[in-house]
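Please find one structure pasted underneath; my questions will follow.
We just call them A, B, C and D in the order they show up, numbering each chain from 1.
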Amino acid sequence: MLFSNRMINILIPIISVVLGLLSGAIIMLVFGYNPIEGYAALWNGAFGDSYFLGETLRQVTPYILSGLAVAFALRTGLLNIGVEGQVFVGWLASVAVGISFDLPMIIHLPLAILAAALAGAFWGFIPGILKAKLGVHEVIVTIMMNYIALYISNDIVRNVLTDGEDRTAEIAPSASLASEWLASMTYFSRLHYGLIVALFMALVMWFVLNKTTRGFELRSVGFNQNASKYAGMSVGKNIVLAMVISGAFAGLAGAMEGLGTFGYMNVKSGFTNIGFDGIAVALLGANMALGVVLAAFLFGTLKIGALNMPTEAGVPTELVEIVIALIIFFVASSYIIRWAFLRFKKEGK
Amino acid sequence: MDYVIEMLNIRKEFPGIVANDNINLQVKKGEIHALLGENGAGKSTLMNVLFGLYQPEKGEIRVRGEQANITDPNIANDLGIGMVHQHFMLVDTFTVTENIVLGSEPKRMGQVNLKRAEKEVQELSERYGLNVDPRAKIRDISVGMQQRVEILKTLYRGAEILILDEPTAVLTPQEIKELIDIMKSLVSEGKSIILITHKLKEIMEVCDRCTVIRKGQGIGTVEVSETNPTELASLMVGREVSFSTEKTPADPKETFLSIKDLRVKDVRGVEMVKGLNLNVRAGEIVGIAGVDGNGQSELIEAITGLRKTESGDIKLHEKAITNLTPRKVTQSGISHIPQDRHKFGLVLDFPVGENMVLQSYYNEPFSKNGVMNFKNIYKKANELIEEYDVRTPDAYTKARALSGGNQQKAIIGREVDRSPDLIIAAQPTRGLDVGAIEFIHKKLIEERDKGRAVLLLSFELEEIMNLSDRIAVMFDGQIVAEVKPEETNEQDLGLLMAGNSTSKAGGE
Amino acid sequence: ACGASDDDAGNEEDSTGGDSSENTEEETSEENASGDFSVAMVTDVGGVDDKSFNQSAWEGLQAFGEENGMSKGEGYDYAQSESDADYVTNINRLVRQDYNLIYGIGYLLQPAIEEVASQYPDTNFGIVDSVAEGDNIASITFKEHQGSFLAGVAAAKKTESNMVGFVGGVDGALINKFEAGFVAGVKSVNADIEVDVQYAESFAAADKGKLIASNMYDKGVDVIYHASGATGNGVFAQAKDIKNNDPEANVWVIGVDRDQYEEGAVGDTNVTLTSMVKRVDIAVQDVATQAMNGEFPGGEVLEYGLSDDGVSIARTNEEAMTEEIITAIEEWKEKITNGDVEVPSTREDLETYVNSL
Amino acid sequence: MGFIDIIASIIPAAMVYAAPLIFTALGGVFSERSGIINIGLEGLMVMGAFVGIVFHLTFYDTFGAATPWVSIFVAMIVSALFALVHAVASITFRADQVVSGVAINFLALGIGLFLTKQWYDKGQTDMVARPFYATDIPLLSKIPILGEWFFSGWYMTSYLAIILAFVVWFVIFKTPFGLRLRSVGEHPMAADTNGIKVYRMRYIAVMLSGALGGLGGSVYALTVALNFSHSTIVGQGFMALAAVIFGKWHPLGALGAAIFFGFAQSLSIFGSGLPLLEDVPQIFLLIAPYVLTILALAGFIGRAEAPKSLGEPYIKGSR
């Protein structure tokens, strides 16, 4: 057989990316830019030297986690639009622990990370329990929780963690994910150990969902609540758990920013978009752990690379937004690509 | 020739399968024409071709002698062809009238003229004795009533040729009788009917001719008056089929399940089970006979822990299992073959193999310390697939891709294999062909003979009569009578099921 | 983003990464005679066309380039940030492209500038609207409280209801500076005037800006000073609505950062009373010139205020800015520049100031 | 300020906030009633805002005082066409509807800002010279109390939003089109066997949601924001989606939900002036609209039943 099903499944995202980039090139041509220059600038901006590679990986880190958060909930049939808010509270919690204690690193850092996960988990617990107990649609609740997180975080930064300042103190070095070693390897990029945390969490998600009985239940509830109930699983418990775990992943994404990239939390005038981008990352990664990692990598590359496009090639960064959107469309419309393959296969015979 | 419908040399392919291969079907005006074949033989496909839902790869369709190119259900409608589908095509949240007029609504000033529509539906319903309430919501009416709505839909559109795809599979005996009357009144008005059914008795009773297809191929057409059920069955399956399942008399032992004074409410809060008492003993099959909607579903859901009870006791082996969680109920030794296999029985998007351990995944050897052991799971699955003859490419195939009969066999395999003390089988053979039914009946009897208790719920009297050692008649939330199958007949049972308990109360 | 600035009081404690005191004092611009001097800036998420300080800074760079025969990409350039996380990346990119002087525009970039500056002691940096520690950093700040004070004077002179309003973006030290100056100005003219202060908690919520303005005008406020970026669009929208419906209505908006006269046009009239203009362009051009000439003010905190025209009050709306108002403004400006009046820049100072009136 | 006066200022303000949400939510109702999830409402609003502003800036000289009306009309048309992308992907190409909607959000912002840079050479447009203005309705505004509440300081577009909600209600629940639309969302195969063109209905519904989302976005832009930039539409589309669900997929429900949001939002601002609320810390007022929504859902709105086949692509001839 020319193309096995498995092959097609692997090819589809690749083809989608190629088609998305091609469309981007056409748009550049239409508007009088040189696509080769444009993409060269993108490439240089993302991988041009080890500094930019470091920055790209740094950007990938929270994307992996916010992508996992969305994906984990979706696998249980829940659309968690609240990752954004969960990132906020995670960030806040990690920084709060990071600045408030003086502990040896071996305790302090895990404690700060754990605090972020717990805060995110709590923020996921609320929509989860409302869904499980009262059937309230998780989409609305998570949307509302985003705003609540934004305003409460700002208020806490301003009135609890500081005395009316816009920014908290720097976290103690013992709570920091930042790494001299990684930074020095990459000309002071902000690449930090969080990447290891993120990759490990991807592994955790894969393991939990695919290898444990709990994951079996979560997936089962995601597909068919009635059958799950019939089979003796507690639907409500699994819904709450899914939201809690999803929120914990999102909280960790916040910790990556708080303990890794920034080292502080500041008053924000709007959303970070890490959570909203996570939706796209998850969907692009087909809600699977490995897929999410790859999609986060793609996203991080495009986002960081895009920053270089205006200075080096004069192309507006927004072009990359368009390219990302098109890639998502192509992946989503995989049916048509699959169909084209089958036609091709038939005629090839 | 006065054929109203001629389907000649029809071929219809699906990816990887030829569903119809060179099939011929000729229907005369004013006749009831049976279409007979095993599950998956291609009957529904053929009818969907006639109704314009599928386009055939080859073949010709003639309607009243004229060649027709039916590319769309609208064209079928215009040609006077109406179809009642195997799975009802009704919008749950709409009223009867809305469903009937959908797509060809009477209008007044841009609005749907519901008043007029309701009047028309009322008239039509009276004319054919269908007796439906035009304003009722579909989700509030019984399955039998829904079926009549489907028939009304075709009549409303002026259908002269009606296709009824397995209309009786979901009906109670009373409803079947009424449907047969309706069909007779329709043909007496000059309409023609194509009837798909697995029930040979019905064919013998109402049909004029019968076309048999087997594995996608036309076997031929016979005059019903010149044949008999045995011949039809062997034509269809290609071998001899035994009808009544052979079984030895039961040897009931100690009481396994005992229910006292049980009261259960349904979703809307209406009491459906009203002080019900019932015992099931080891080594016997107790059949619950009754018209749908008399609390059967609520009873079973209450026993299995899917629904809270209001009051009363359910005991298994003298131990109360009232209001335990489904998990606890399962662990206490009850298996449940659910009525709705798609809704409850299977996670259609899981592989067959994982469906096989839907309740036992957390036990060894399928998992240990919370970690799944897929090797053992698939080993078990393959054993069950083998033993229960589940036709699937492999255990990794999604359950969704299996035919209904095979999905059912998978469920039965899973439930029986858990070696329960009590098997609750709700409509275990609904919609299955005779071959599959035979297999399942045999399995249930085997389990009984091993000393297990079986509680059978079925709306098909024949199944109840054939399989049960004891029949409990359920009416209005109570067991109104208990009879032995050999001491009663379908007539009497029907009366009991209608709440007529003054007729001789058999049993005990 | 907004017309924001900052004096980050807690800065000393915060700057853990910034004390690169081992910094070599070499003059990095030693080689250039202007020949190969180059300068670039990193915007915050507002972009160079935010009609605010980013735009103003970019205009300064462009003017500087023109003066020295450079063109965009050759001699001067900018990099735009899409999120907070991009600041460091962008600054770094410019460092590696060998720009001699790199500006971070906006207080949000302060930690980023400090961080990169400590890593690259041979490059010069400028931070606008904030104070950063480092011998190779010039901190450019503005005395917005002084400008806001004059805006307060204008508002106090203009109000008929003796109620004026202040709409802030996100509550915090930087916008509080605007608030404190404004309130002080108002109270200095007439201590009985009520000042209604509200924050939208966003620089991008025009809808909230409109709700707040609507609330204020309904309560009788007739002059609103906004320091809230795009949220201010809603303030203008509400004022224009009222004015359009009733041309006699006494409603005014005071703009921020640049002259927002255009935004206030309603048919033939205009609701923009004046604007508190911040000349980031002058400052940026000034520091770049110093750097090019080998006089980079590294480690210094430059404060541009009323006296050097770093902040000022627009007079475009000649009809509204009556003789009387202008005179009052000039009087107070005089008092501030010669030190008679110390304009408060925090809420605490404001309290002391008001009590002392 | 007396009670009546406070109400008189809250009502129009709440409607300013609510009107764009009402339009967009009505679009969402159309789309979701036909079975297509529309998480791309945000993007459709962005597109509407962009087109509305750009058209207004470009053609003010041609259309004069009528420009805002022409602009929102053009924004409707363009956004309807833009929604075709979502329609093609999720109906014809059977894309996951959530995925496609998310892509719409990215795409709209990308296109809007990219073109703004191309055409205006900067990240945001100029302000429009003559947006919609709120007006007092002659005569009616003179009615005591009611006149002040309902006929002064409203935008015509706010009235339009309310009227449109009733029109949509009529269309969806009273006309043959509506009956068919709902049937397609509940049970597409049943609709198909009744001769209803499922795909066509869904295309129409998604394009209507585009048109209404575009209307919502352009009305927001031309009443509140007055220009277009990356910060013009920030979350309003998600609030509209929340209104759809909050309103249980019913046009009047969505209307009510959007007005509820408007009031909650106004209250959080006007509250500081109300005697009862003036001592409540600012943060509680800030989060009040969102907390109230959750409480309302949990307390008495509860479970909402979505159209049955929402999110499932219809594949002709499958079961």
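Here is the rule we use: a contact is a pair of C-beta atoms (placed from the backbone, for glycine too) under 8 Å apart; a residue touches a chain by one contact, two chains touch by 3 or more.
Here's who's who by UniProt: A, D = ABC transporter permease; B = ABC transporter ATP-binding protein.
Only a predicted model underlies this, so the values are computations on that prediction, with no experimental measurement involved.
*Asks:* If you tally contacting C-beta pairs, which pair wins, A-D or A-B?
*Replies:* A-D
*Asks:* Based on CA centres, what chain would you say lies at the far end from chain C?
*Replies:* B
*Asks:* Please work out the Cα centroid separation of chain A (ABC transporter permease) and chain D (ABC transporter permease), and write it as a whole number of Å.
*Replies:* 28
*Asks:* How far is the middle of chain B from the middle of chain C, if each middle is the mean of its Cα atoms, in Å?
*Replies:* Distance between chain centres, rounded to whole Å: 76 Å.
*Asks:* Taking each chain's centre as the mean of its CA atoms, how far is chain A (ABC transporter permease) from chain B in angstrom?
*Replies:* Comparing mean C-alpha positions, chain B is 47 Å from chain A (ABC transporter permease).
*Asks:* Starting from the mean Cα coordinates of chain C and chain D (ABC transporter permease), work out the distance between those two points in Å.
*Replies:* 35
*Asks:* So which bits of chain C are touching at least two other chains?
*Replies:* Those would be 80, 201, 203-204.
*Asks:* Would you please write down the residue numbers of chain A (ABC transporter permease) that are in contact with two or more other chains?
*Replies:* Answer for chain A (ABC transporter permease), listing residues that touch two or more other chains: 151, 270.
*Asks:* Where does chain D (ABC transporter permease) touch two or more other chains at once, residue-wise?
*Replies:* 231, 234, 286, in rising order.
*Asks:* What are all the touching pairs of chains?
*Replies:* After working through each pair, the chains in contact turn out to be A-B, A-C, A-D, B-D, C-D.
*Asks:* How about chain A (ABC transporter permease): which of its residues touch chain D (ABC transporter permease) in the complex?
*Replies:* The touching residues are 27, 31, 79, 81, 126, 130, 134-137, 139-141, 143-148, 151-152, 155, 270-271, 279-280, 283, 316, 318-326, 328-329, 331-336.
*Asks:* Of all residues in chain D (ABC transporter permease), which touch chain C in the complex?
*Replies:* 1, 5, 8-9, 12-13, 16-17, 121-124, 126-127, 129-131, 133-136, 153, 220, 223-227, 229-232, 234, 236, 265-266, 269-270, 272-273, 282, 286
*Asks:* Once bound in the complex, which stretches of chain C touch chain D (ABC transporter permease)?
*Replies:* Residues 45-51, 80, 198-199, 201, 203-208, 210-212, 214-215, 218-219, 229-230, 233-234, 236-237, 240-242, 244-245, 262-263, 265, 267 of chain C touch chain D (ABC transporter permease) in their complex.
*Asks:* Could you please specify the touching residues of chain B with respect to chain D (ABC transporter permease) in the complex?
*Replies:* 48, 51, 53-54, 72-74, 77, 83, 85, 87-94, 98-99, 101-105, 107, 110-112, 153
*Asks:* Provide the residue numbers of chain A (ABC transporter permease) that touch chain C in the complex, in ascending order.
*Replies:* Result: residues 45, 49, 51-52, 55, 58-59, 151, 154, 158, 162-167, 169-170, 187-190, 257, 261-262, 264, 266-270, 272-273, 303-304, 306-308, 310-311, 317 of chain A (ABC transporter permease) touch chain C.
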